[in-house]
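Chain nomenclature is as follows: A, B and C, assigned in order of appearance, with residue numbering initiated at 1 for each chain independently.
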Amino acid sequence: MIWVDTLVQGILLGGLYALFAAGLSLVFGIMRLVNLAHGDLIILGAYLILVIVSVLGLNPFLAALVALPLMFCFGWVLQRVVLNRVLGEDILPPLLVTFGLSVVIQNALQEGFTSDSQRLRPGPVESASLDLGIVTVGVMPLLTFASAILVIVGLNQLFYRTALGRAFRATSDDPVTAQLMGIRPDNLFAVATGIAMVVVTIAAMYLGVRANFDPTIGPARLIYAFEAVIIGGLGSLWGTLAGGVIIGVAQTMGAAINPEWQILAGHVAFLVVLLIRPRGLFPRAQD
Amino acid sequence: MALLETRGLTAHYGDFQALFGVDITLEAGETIAIIGSNGAGKTTLMRAIAGLLRSAPGMVHFDGQEIGARSAADIMGLGIAMVPEGRRLFPSLSVEENLMIGAYGRKVPGPWHLDSVYDLFPILKERRHSPGTALSGGQQQMVAVGRALMSNPKVLLCDELSLGLAPVVIRDIYAAMPRILEGGASVVIVEQDIGQALKVASRVYCVMEGRVTLTGRPADLSRDAIHNAYFGAAA
Amino acid sequence: MTNSTAYHVQTRTRASTAAGIAAGIIILVLIVLPAFASRGLIQDMFFILTMLVLAQFWNLLAGYGGLVSVGQQAFVGMGAYTLFGAAILWGIDPIWALPLGGLVALAVAVPTAFFVFRLQGAYFAIGTWVVAEVVRLCVAQWKAVGGGSGTSLPRNVTGDMMGLTFVQDLFGVRAAAAADIVTYWLALVLAVLTIGGIYWLLRTKSGLALAAVRDNVEAAKALGVNAARMKWLVFLTASFGTGVAGALIYLQKGRISPDAAFSVNDWTAYVIFIVVIGGIGTIEGPIIGVIVFFLLQSFFADFGAWYLMALGALGIVIMLFAPKGLWGLFSDKTNIQLFPIRRRLSGGIITQTEE
């Protein structure tokens, strides 16, 4: 019974990791950009929600709703002003600029909020649980997983059913010819990052409710997000969910054997998949 | 005043100058052809007009406006659509999506929409959900033309429609020209296939090494004159 | 028929000859420095020299090899822990443990490369980070060297270090200061060997092949360059050097913990900053960069988070507007190369004989 419980916890944890990863996957899919500050942006989102909670007295869910458009704008500006300049063939500039960005964000948060641990309190739902017969699951983890699925469904709809999604796919294929269609790649990429920041904010809320956060935990989230994307295969959002679940399950299983092994188990699972399926479990046909 | 006009158009790729003061005019309703050998500057000319290559202000005029320094997306919105050299369909989009994206930056009412494009090129309707690049060369060219038509452009720039295609296929593509003209577009054809170009156009420009070396009506131009303009007088 | 007297390939320039002489003088001064410098200065020089070594190896990896790693801290930590493990568990003299640290780092680099070479670009970078995390987590389980909270080098180990008594007598200093001098000299040797070795490597055929692979992999392969072998060569070399440097750094510190030895900030972020500010893809760049970094650290490190923010912002600005770094700006303007590796064809006169 313990193992079923551990498995379910792991799957639900995978939902959180999938939320971390979805934004990363989106941006990489459209503009081949890997943002090393992605984890720190999640933490930034968490702090933003925290501020809104303190200033407006809202509960974290509503605060997150308020934070969504703010984070969208932040992402839009970031891409338009800074990151658009580093897109291109050379791998060094985007890596180094986003690395620098990571350092700046972490230290800015440090200055603004000190390194004290923070937490978002949603009220009684935080510890509410649901009895499903074989297992009892927390309501928050369940909500997190459900949100991950909704986000992925939403993004896929956006990508494959809307004009904007067509524009994303076309620009990702061929930014020059896309201009002949009336698409402005600079603005389009900014919108993409804006959307990624919206997903990041959702992830931030669930992170902040679930666990303590402080300015330094960004890079670890980046690593989980990255591992989920690689395991799932570049270009597949459902693959990213699968990747998140695999990491989540590996972590909970590892923790069940020895609490010190939790994080290590996740990394080992990643390395094993990398070994046997270097392109991931559900890679896009062409990349 | 001409619908589309270039005055002393120059263009550079970095330090390399590709066009040296080109003057082209296109009147409303007519079809002109631009011929020349490989590397003569034909595609550069098209890209400069379409805005993929920024030129100095004052060098390109369209519909009474000066468009030389404007972006490709702006120019497309004004009504100049290009069928790029090499087709350049989007691999991640299906045939139908490739067509639909042609209207992304310019949604004006007009004769061209999905149904009328399928009417023009019926084979595309059968393959509408295939990935754009899974089609034969000729079919891809049809998609590329249809995609450009979707924005109901005033000017259609066709860059090397015949490139890499079998003669039979080329004929089929050009057979659609009359209906395109009926729809109201004025057309610029860039071609290495001189015969096809002369058949379709009311006026011809010959370009060599970035300069216009000959212009006139097809009927008025002798074979020798064209030959010299195309290849250069005997070196 | 044309006749040509011998062409030869030359890399030396006037500036480089001058620089070579200057370098010789500087090295001599650095050797005798302990005779008249304060202990603080020796420690500062140690920091500069070891960071320089780390920067040169990261530059070799990323600037010349095109392999952008953010996981070199794995090798710093492995080298350091090897030294501590060897000294504490088996009583090996720390000086011998230095190359041993390099070898163990090298041993870890082999499976690492095996995994991360499956990835490209930014994913390669994060992959190296993941491996570094795995190594850190595993080492944190090693109770014999302090587990998660770390340990110190026992007094008897540093006290018996090779050369210590010699230095004590030579300069009339106590054991702790003498240890600083010994590690300083080792750092100097390491720095000279590193720079000399990298320069030599770049001037060989392998170096040329490396530049080719970095610029255009397919073209290089078409010319018969074994791109995979070049990548392995560079990665293993950098890991060995980084491991030795890591061992030396922690020998001087005397105290180790997994979080410190495998710190991304200290061993990757600062190193990357040094290389980027100085000028990536040149040997001169990291030298400039480490001096700039040292000055910034000395004056501003007290500002804590603001200082780090400024460093990060400075790195971003440099990458956006001066991607070749300070040395790149200088070199472009003046065309001076102190470590020239561009091969120029010179000499040789073609004479034309009667046909």
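To be clear about the criterion, contacts are C-beta pairs under 8 Å (C-beta built on N, C-alpha and C of every residue); 3 or more make two chains touch, one makes a residue touch a chain.
This one's a predicted model, so the numbers in the text were calculated from it and none came from an experiment.
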Strictly by the touch rule at the top, which chains does chain A share as contacts with chain B?
none
Name the chain whose C-alpha centroid is farthest from the C-alpha centroid of chain C.
B
Of all chains shown, the one whose Cα mean is least distant from the combined Cα mean is A
Can you check how far apart chain A and chain B are, centre to centre, with Cα atoms defining each centre and the answer in Å?
44
On a C-alpha centroid basis, what's the spacing between chain A and chain C, in Å?
34
Chain B and chain C have mean C-alpha positions lying a whole-number Å distance apart equal to 55
Enumerate the contact residues on chain A facing chain B in the complex.
163, 166-167, 169-170, 172-174, 176-184, 286
In the complex, go through chain B and note every residue touching chain A.
50-52, 71-73, 76-77, 81-82, 84, 88, 90-93, 97, 100-102, 104-106, 147, 151
Give every residue of chain A touching chain C within the complex, in rising order.
33-34, 36, 82, 85-86, 91-97, 99-104, 106-108, 110-111, 219, 222-223, 226-227, 230, 260, 263-264, 267-268, 270-271, 274-275, 278
If you look only at chain C, which of its residues touch chain A in the complex?
62, 66, 68, 70, 115, 118-119, 121-123, 125-127, 129-131, 133-134, 137-138, 141, 264, 269, 272, 276, 280, 304-306, 308-309, 311-316, 319-320, 323
